[in-house]
Each structure stands twice: as C-alpha cells, then as structure tokens.
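Below you will find the structure I want to go over with you.
Going by the order they are written in, the chains are A, B, C and D; count residues from 1 in each one.
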Amino acid sequence: MAKPRLGVFKFSSCDGCQLSLLDCEDELLAVAGAIDIAYFPEATRSDDVGHYDIAFIEGSVTTPHEAEMIQDIRARSTALITLGACATSGGIQALKNGADTAAFIDAVYAHPEYIDTLDTATPISDHVTVDFELRGCPISKRDLIELVAATVVGRTPQTPSHAACIECKLAGHVCVMVSQGTPCLGPVTHAGCGALCPGYARGCYGCFGPKETPNTAALAAQLANHGADNRQIARLFSTFNTNAPEFRKEAEKHE
Amino acid sequence: MTLPVVIDIKALDQLVQTLAKDRQVMGPVRRDGAVVYEEIQGVDDLPRGWIDEQEGGHYRLKREGDKLFGYTVGPSSWKRFLHPPKQTLWRAGGGGITPEPIAEDRFAFLGVRGCELAAIQVQDKVFMDGPYRDPHYAARRENLFIVAVNCTRAGATCFCASMDTGPKVNPGYDIALTEIDGGLLAEVGSDAGGAALAALTSRPATEADLAAAAQGIKDAEGQMGRKLNTDGLADILKDNPDHPRWSVVADACLNCANCTMVCPTCFCTTVDEVSALDSDEVSRENRWASCFTTEFSYVHGGAVRPGAKARYRQWMTHKLGTWWDQFDSSGCTGCGRCITWCPVGIDITEEAAAIRGEGG
Amino acid sequence: MAHPADMKTDPMVPVLAQITRKHMEIPGVVTFEVEAPGWTGFGPGQFNMLSLFGVGEIAISISGSCHDTDRIVHTIRDVGAVSHALTMLEEGDTMGLRGPFGAPWPVAGAKGRDVIVAAGGLGLAPVRPILYHLLANRGDYGKVTLLYGARRPEEILFEQELGQWRSQLDLDIEVTVDHAAPDWHGHVGVVTTLFPSADFDPDNTTAFLCGPEIMMRFAANALTDAGVGTRDIFLSMERNMQCGIGLCGHCQLGPHFVCKDGPVFDWATMRPLMSVKEL
Amino acid sequence: MNDKVIKVDMLARVEGEGAFKVVVRDGEIVGTEFRIFEPPRFFEAFLQGRDHMEAPDITARICGICPVAYQMSSVHAMEMALGITVDGPLRDLRRLLYCGEWIESHILHAAMLHAPDFLGYAGAIEMANDGHGDAVKLALEYKKAGNAIVTFVGGREIHPINVRVGGFYKVPRKTDFAPLREQLLKARDLAEKFVDWTASFTFPDKERDYTMVSLSHPDEYPMNEGRVVSSKGLDIDVTDWPAHFREEHVAHSNALQGFMVDGSSYLCGPVPRFNNAYDLLSDRAKAAAERVGLPRDNRNPYRSITVRAIEGLYAVDEALRIIDAYEEPDAPFVAYEPRAGVGMAATEAPRGLLFHRYELNDDGSIKTALIVPPTSQNQPSIEEDLQSFIGDILDQPDEDILLLCEQTIRNYDPCISCATHFLELDIDRG
C-alpha cells in the first residue's frame, strides 16, 4: 500500500499544534515512515504540491486570502483534518468576533491603513467540509499520535468527546471544584489533555472546547454559587474556544 | 473464632510492616486536600487527626481530634486497585495473540469501611459470579487481605445505615478494627486474619472496650447525614420512567460522569484498541466508562440515550432498581461519594425520594 | 455450545479465525465463511465478537446453519470503521473471533407450531439459521412463513437462496420493498403490510423477528393484534457491545444485558421496555 | 543578469509565515525585505479588560514555540505592577522551566530547521533518511529532555498550565525530580556531542559589527531578569526600555521594526547573550566553546547554530544545578491583593529579548498591554545581513543565492508567529 501523502497547512495560529508533530521526539521518524510528509513548511523546504490524502489544517480563517486558500486545499485533499482550537472553533483570535475590528486595529497599530483582515476569526468548518477535528489548545501529542496511528490502520481515532472529568478521575486527581471550590470547566470540556489542570491544582480553562451535550448553564450556576461574578463567568467561557457556540452562548448570558 | 483483642498504634504499624512483606499495602493518605488511597509504608502515612466535612458538591479536610480513622470515605475507592481504570487484555504481534498475564497483584487494604466492603462484594458478583468472569479481577480478589474499619463517625452524605452495609462492617474482612480510646479493638474474620493478629502484641478486649466500640458505631449511625427509603424502591423506579422529576434533575446534571467514576460499584468499561506507529504490536485495553456519556450507548447512527434525562435515569434506576434483577443486590451501598463528588451536588437520596413522591 | 462457566482462560481474548470463503451479497454486504480453532458449534441467533487487530471489535450474528459445526458463517454490512475493515478482508486472511455468545432463538419450543419469521434489511442474516433449522426439520413444524422487507430491490439479501426456498412448496415467502422503480412487480411497503395476507393460526404460532427496532415493534404489535401470544413472539435486540459477555455494561436494556440475557427476548419482556423512550 | 528579484514567498523551516525579497539593479542590491504575512491576531487588544491572572495563559498563545518566554515576561511584569517579589525556590523553578524551553527551542531550531542548510537538505527528515539518522535521533533525544523539563514543571510542553502570577499552581516535591535528573544527566552527554556536531559544519566567512543587546545579571547567565545592556555601552534598567528603543512602521516593509532610539539596528538573541555574558556560562559550556574554537566575541551570525548548542549545554547544566539545590517552598505562590499599577519586564526568550508592559486597574484587570517580541527587534538586522552578505555571490545560480538568503534569515531563528500581533498584513504577490 502506498504511504498516504500528508500536507500540513497553517492559518492564523501560534504554530503550537503543528509543533506538536515535531515534539513527538519518539515517534517522529516512525510517523515519517508511515506517511509521506509531502508538504510541511515548518519542517522542510520541499514543497511537494498536488493532491493530499490527508491535510492537517492548523489555525483559523482571519483574512480574505485565508478564506480562498482553504477552498483550494479542500479541493486538493481527500481527508481534511483540523488540528486544535483555532482551526476547530476559531481560537483565541476569535475574541475579536463581535468586537469593533477597527478599534482593535487602532489599539495595536500605529499606522492601521495597511491592515487587511476579516472582522471575524472563524473555524475551518465554517468554510469547507471537515472530516475530523482534533481538539485542544494545543492538541495533545497522545491524540495526534493516535490520530495518525488510527488513520494508518483505518480505525476511528479514540478521542472521546466526553467530559474532561472522566480523565480527571481516571488519573486519580482530587476534584478541585469539590475540594477547593476552584472554578473548573472540566464538566463541560471535551476530554483529551488528560485533565492536566486539576492535576496541577487549578481548574480546567477549557482548551479542548465543549464536550458532547455540555450543560454550561448548570455549571455556570454552580460557579456563581462558589462566588464567581458574571464577569468572571463570561471570561471563563471566552478564551481559546470563545467562538464555540455552546461556550459563546453561555458567555453572552453573563455579559 | 478468636475473641476480640485490643492493639495499639504500634501494633497496627507492625501489622502494616508484616503485610508489606509480601503485599502492597494500600491505605488512606492525605493528598491534594483529600484522603485518598495509596500505597502506605506505615501508620505514619495515615491522615491522623484529619477529618472531612462533606456535603453535596463539597469536601474539605480539617484538623480535629487525633483519630487515625476519623475521616469518612474520600474520592477514591478500592475499585481503583481491583478493577483499575485501565487494564490491558491482550497483545498481538507477529501473528499470535498473547493474553495479558493474569494479574499477580497482592494487595492488603487498610481502612475498608462497611459501605466499601459491601461495594467490593457487589463487584465480586459482577466480575466473578456470572457465566463469565474477569480473571484479572478474580486473581486480585483472591490475593486480597482486608483490614476493615468500623466507622465511629459518619459524614453528612453517608447513608450506609439505610443500605444495611454499615457503619459496622458485615463479614468478608480478614480483620476488623474499631478505634476506641487507647487503641483499636480488633476482630478476626478469617484464618489469615487470625494468624496475622496473633503475631501482634495485643491484650484481650474487656467488656468496657467492647462497649466503647459499640458506642462509637452507634454514634456514627446517629450521625448519618442522609437516608434512603429502599422499600419497594426498585419497582417504583422501574415503573416511573416518565416521572417529571427526571427532567428536573437533567437540567441540573452536568453529565460529567463523576458520580460513576467515584462510585465503588460502577463497573462499566469500554474497550480501546491500541496500536503504535513504530511497531506491529497491537493491544486491547479496558477503560472505565460511564453511562452518562453519549458514546456509551452509541449504535451505528446515534446514541440510544442522547438525552441527559435518559442517562441520569439509566444510572439511578440501575443502581437502585435493575441491579437487583441482575445481581440480586443493590448497586448502591450508601457511601455517599456520588453526592459529595458531584460538582453540582446532585443527591441520589433526594432524587429517589422525589420519584417516590416525597420531598423534592 | 461451549459455555465456559468454568473457563480458566480470559473470555476477552479472541482466537484467530481464518476466512475460507468470501462472497459479496449486495454492495456493502459480505458473507464470510471462517474456521476457528476450538469451535464446537452454536445455537441459531447467537453471535460472535469479530475483530480486526488495531481496528476494533464488533458483534456479528452467525448467519449459517447450526448443523454445520466447523464452518462459521457471518454476513456483515459495511457501516463504519470496524465493519468496513472486516468486509475488506480476503480469503485466507484472519480475524479475531470470540464466541458464540448470547441466548439463541428458541426454535425447539416452536415444534408442532406454525412459524413466522419476519426480517427487515440485514435482519435476515441473524434469522437465516432458523430457516436452515426449519428446513432441515421441516416435518416438526406447521406452516412456515418468511416475511422479508428490504429498502430497495437491489438490497434484497440472499436473493438466490430466497428463490430456492420459494420453490419449495412448504415454505411461504413474501418479500416487500420500501421504494421501487416501476419495473418491480412485487410488494411495496413496510414488512407489516405483509401480515394480513399471511396464513397462520394465531393460537399456535411462534414468531421470530429481526430488523430495525421500529420494524420489530410494529411487527410484534401487528402479531399481538392478530392474536399471537406475547410469549410466542421473539425479537433480536441490538445495543452497543464492548465485551459480549455481560461485563462491560454497555448493552443494558432495563434489567437485561442484551449480550447475555439476549439478544433474543420475547415480546412480553420487551414490550414494556421498548415503549420507553431512550431506555 | 544584472537586474533580478530574488524572492521566496513562503519561507520554510521557520515558525510562522514569512517571505523575503532581494531586489538587484545593475548588479547592486538596492533593497532587501524580510516580510511577515502572518495575519494579525490582536493580542494587545484582547488583553484589555482581562484579568491579570489570565495574562500568562493568553500571551502563551502568541507563540507555540516559546510560550514559556511569554509566560515569564508577563508574570514578571505583573509582579512588578503588583509590587511583589518572587524569589527562592519559586524563582529557581521558573529558571528551570525556562532552561527546558531553551533546550527544546534551540535544539529544534539548530537540528531540525537550521542544520539542513549547512548539510544541504530540504529538512531534517530528509537528512535523517540520508545518512544523518544518528545525528537527528541524538538531537531528538536531547530535545526531548528539554520538553521533559517543561512538561514536568509546566504540565505540558506547549502552553504550560502551571505558571501563575506569584509563582506556580503546584510545585513538585524534591523526590519527584529523580527521573528527570537521570534524563538530564544523559542529555548532558548528548549536548556535548551536539556542540561538536554543529561545530563541524562549514560556515560562510562573514561578519558584521552588530550592536549586541541582551539582559545582564551580575550572577547569572541572562535569562529571567537583569538590566538591558549592549556591546556598545548601553546599560539601563528595564523600565527605561521605552526611552531607548522604539518601534517603527517602515515604508518598504510590511512590518513594524525595532530600532534603538537613534534609528540604528541592533541584534538580540543567543549571540549577544554569549558575547555579553560569556563569563557566566557553566564551566562545561565554556570548555565546549573553547574546544570547538568559538571565539568569545563571535560576530559571525552563521555560527549562531553553535552558540545555540552551547546555550543548550548550559541550560542542561543549569537545570541540573537547580534540581540539586531545590528545596520545596512553603507555598506554591506568593499571595497578594490586586491593585492598580504599571509593570514592565524583559526576559530572554530563546531567540532574544521579550519585553512586556502592562497597566492594571484597581481590580487587577488589564488596562493596557504592550508586547515587543525578539523577531521584530531583529528584523532590521536581518535585512542588513541580506544586504551585506550576498553581494559577493550575485553571479552564482539563483538557487544558491536563495539558499544563502534563507540560511542567513534562519540564523535568527525568527519566530514569525510571535511577531504577528503588531505586524500588519500586506501580501505582495505581484
């Protein structure tokens, strides 16, 4: 069987998700052995354009150019897979959605006249059909390896969409919400990180975005019981997955 | 059987050391603001002088007194060791299948409470009494030595008295301890327990010792923070799948699965396929699963229980109702963990009462 | 039937079964004949857990004859990752196999009675062992009727075999499709539309139903309305199964584990449960 | 052949999206542009109104390659605004975390992104598949030790979760360090070999007289705090930064660029640190530099790959020193009350100085934020390098010129993602 051809593409992002691939020190060469890394500018000058069996997309769409580019990549790819919160929900830069872009530009740039940017940062799935979404800000190495290994053998990657709480308990962490009253998004957040934050005595801040059927309202009510004010609750839901519909709606309720 | 004796803390330490010679002794330790079960080296590791304050969705440790076992049950349960969160089943590579060697763990548990021993016995039925058994569980169970502890203090979310599982432990232990002034009353529950106890420095228990222990247990019974009326409950639950209360609880429930993870009897697992990129070996692994997730009931095309209401109903009806049909026992032993460790404090006793038409 | 109550080995560990024959039934549905070491036969309605290492494991009914003790026949529809990978296997390839599991159709209990077998779609595969059994012991049973519904004419399963059976005079076979082009001359409509014209004695009939849950529910209700007893109607249920042996908990349906108490249940047991939404 | 435009529209093996262009007229280079077309992400604007506690998590997302640097500059600036000092084991742990990032980032750059230029490959995987497998494996194993530190202290290698204003959320117990220590001892040998490997390359014989800017601390190799100094005599407190440095929108380029107030360019990063603070390197690092003949006032930017290797070795040594001296602190963080204030800090990101300035409101929310990352500071210098280093090879084939240009830019380990939030977008595809 021919090795699947992989292209790795970057949109608006911090580079962290594609860096995760280079951070797979133990597996990198095995990955390169199992798939043909045809296009990956962060790692290689060779730009082998053409058709890709798998396209990894990092980042969200924030400029007119990016909006065109994603259509082209989609047309040239069999399976289009998004990596991380930016590509999957818009990422941190989606905080500008709903804000006054002109004011944002003024806040940052001395000479704003050249700035060419869309008013929104949007997930890839707003533009093209996405075959699989890997969550996280950043994605976890485990998930990435699982994704590649599963794709190579043809199984569904095991990246369950249940709550981070399950991983928290599998890891044997003590719930920070119950034992410390620390606000934690674990109950509404998609698993994948291994419940890192509770393991470090802090609440989950939602890198992996909403879980399946998240009850954000019930969690927000409990956060308020623990003393969080509306502003804190709104902020908690508006970080790296601020544009994920369930989180955005909950945040709006507290603005 | 041997008469009860009284041992002191030094003797208890000696017991731990003796058991540790050919076992991993697991016991209570204080970690990250809670009492959890981990490997212990001696009595010094125990959370002496710490008690817990529990309520729905609330747990805090505080200093009070100097009892070794003043705390009640915490977030971890013994199932973590007997039925671990992940268990490899077999590995395959190079054309053949190698079953995972049957677990050789030899555990001794120190501080098993009444509700907890009952929970172990519930899982025994699940994993060992059916037409098929889980050989890893069975092996760990056979090698297990249990030092139980009768509760002399109960928490606000405890209701073992309603479930007939405590505060005094039912048989099934090797040794049972009751903390009294000036020592620990020790009772023997098995030959192995008798032998282990005989090797320790002890004195025969006096009437006063026995009375003090009984009083401690009675005190705990009086402090029981929750009650569950089990009368006809199984049928009430099964007969009320459309009770409006299920929708009420579904609105509050996060379906985060914490209750099932902390519950000492919840046994469900999902099988994961594990393959690596750099080897041909693949393996299959069991992982704790929960009926609160949609993937749990997934059949091609969608979940059988997509709604939160159906998932909560499944869990509670199973625990308190259909468990009886399946295993001829309750699936709940009244430990209260699911109440305390639910991030929003949903209370199984309150929900059951509400379906029954009381309170709520 | 190997019922390993005293089994020392781990029931979660499969054996390697080898494919001796592969046959494509209709696009996306493949029948395999496999041989597995230690296989001692099965009861009609039982299933195996089939797997491809690295991909996953799924429950698949045995669709062959239980008189055939060394060949194991499975008919698999490609719907997702595991079923797809299995259907891609070729003769000579191996798959993992555990089983047989589950409670069989109570065919013996139907002796001397009329039998109705009603199947929808791929549901014909799990009931095929019943038909083999009935045909092999034809004298033991009264009128035998097979009512089968497929979505479209192209999706009719085991068409050749149906033709052979139909030519046998002592077997009544009616086939219907949900949608058809004008060149289809058979019945159009759901399976239940075939019931009124079926010939059976309601007081002395045993019915075996297999197909989508909604089809089974309608069929069972129609039979009950026609006077067949609720304990004489049997259904084969499907739930998510990870272990197939009652340890993983996924397949619970009310008080039952579909894998070990079922998958075959009588209608008296299922009726109240199937009327509850999302049970 | 005397007029041409040498350009690359998608510069590979750098973090983020950049391009460059060299315009030649009559055999003379008339213009060099190092351009960044990463879309703007507006971090400074997002930060307004957020809680100061969120700054380390949010600013980390500016760059997945050096999140620790962002976390460090932000917490130090916040602590200044809040009037608290973090020292003792907590300060050491931060330095340890930073060592991890230096190792990880330096080795990533040196082995995976830069070395292929010296050995003539498109990338490290191609290099590994063509006889350099052992070197690549060694580098990966070594780099892994850096990630192991970041993961151990910070929770994960990218966007660590354990850094907070005042210290950490949770600190390790002394006994927890044992496996990490073992791994670092092994990594130290790899680090030595790695220095030798990078030094074995052939370096273009090119130098420039840079103004080398770095932090300076009396007792420590520059990393998490210090005064800002330059090789030309500057020596200022970090709070005086705005008075001595400025950012400009330059007409020919699409980027804000950093200059000294007098308009001259300067260089920050490993080479300035090495030159300005050579004496503070560990003995092992100094010995390695001597062994491979790296002069202590190196002005050849191509040799920065070896300087990174030396800093990597230093970071391993320093990490081990910190681990051996570690005593668990009484509390994982210093407690404080939010208050209004202004705070500034600079720390040494792997690729150079990273300056943050925040103004806080009474409730601890952020009023204004300013972030000046290293790549913007080095941009004028990058263009000047292109201007002066390729003039003598203009008669060679375009591909060779291109390669040298790219190699020259990669000397800087430019981190374009970092730069985005203040670089405007103008894609010149014409």
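Please note the rule applied: a contact is a pair of C-beta atoms (placed from the backbone, for glycine too) under 8 Å apart; a residue touches a chain by one contact, two chains touch by 3 or more.
None of the values given here were measured: they were computed from a predicted structure.
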Relative to chain C, largest Cα-centroid distance belongs to chain D
Of A-B and A-D, the pair with more C-beta contacts is A-D
Cα centroid separation, chain A vs chain B, in Å, comes to 37
Rounded to the nearest Å, the gap separating the Cα centres of chain A and chain D is 25
Between the Cα centroids of chain C and chain D the separation in whole angstrom comes to 65
Here the gap between chain A and chain C, centre to centre from mean Cα coordinates and rounded to Å, is 43
Multi-partner residues in chain B (2 or more other chains touched) are 273, 275, 306
In chain A, the residues touching two or more other chains are 26, 29, 153, 155, 201
Shared-interface residues of chain D (touching two or more other chains) are none
Contacting chain pairs, sorted by label, are A-B, A-C, A-D, B-C
In their shared complex, chain C is touched by residues of chain B numbered 89-90, 92, 95-97, 99-100, 102, 126-127, 130-136, 238, 241-242, 267-271, 273, 275, 282, 284, 286, 289, 291, 296-300, 304-307, 309-310, 314, 318, 321-322, 325-326
Listed in rising order, chain B residues that touch chain A in their complex are 31-34, 36, 57-61, 75-76, 80, 85-86, 251-258, 261-262, 272-273, 275-278, 287-288, 290, 292-295, 306, 308, 340-345
Given the complex, residues on chain A that touch chain B span 26-27, 29-31, 33-34, 145, 148-150, 152-153, 155, 158, 160-163, 165-166, 169-170, 172-175, 177-180, 184, 186-188, 201, 212-215, 217-219, 221-222
Per the touch rule, the chain A residues reaching chain C in their complex are 153-156
Counting only contacts in the complex, chain A reaches chain D at residues 10-17, 19-20, 22-23, 25-26, 28-29, 32, 37, 40-47, 62-63, 65-66, 91-93, 95-96, 99, 103-105, 107-112, 114-117, 137-138, 140-141, 193, 196-197, 199-202, 205, 207, 232, 235, 239-240
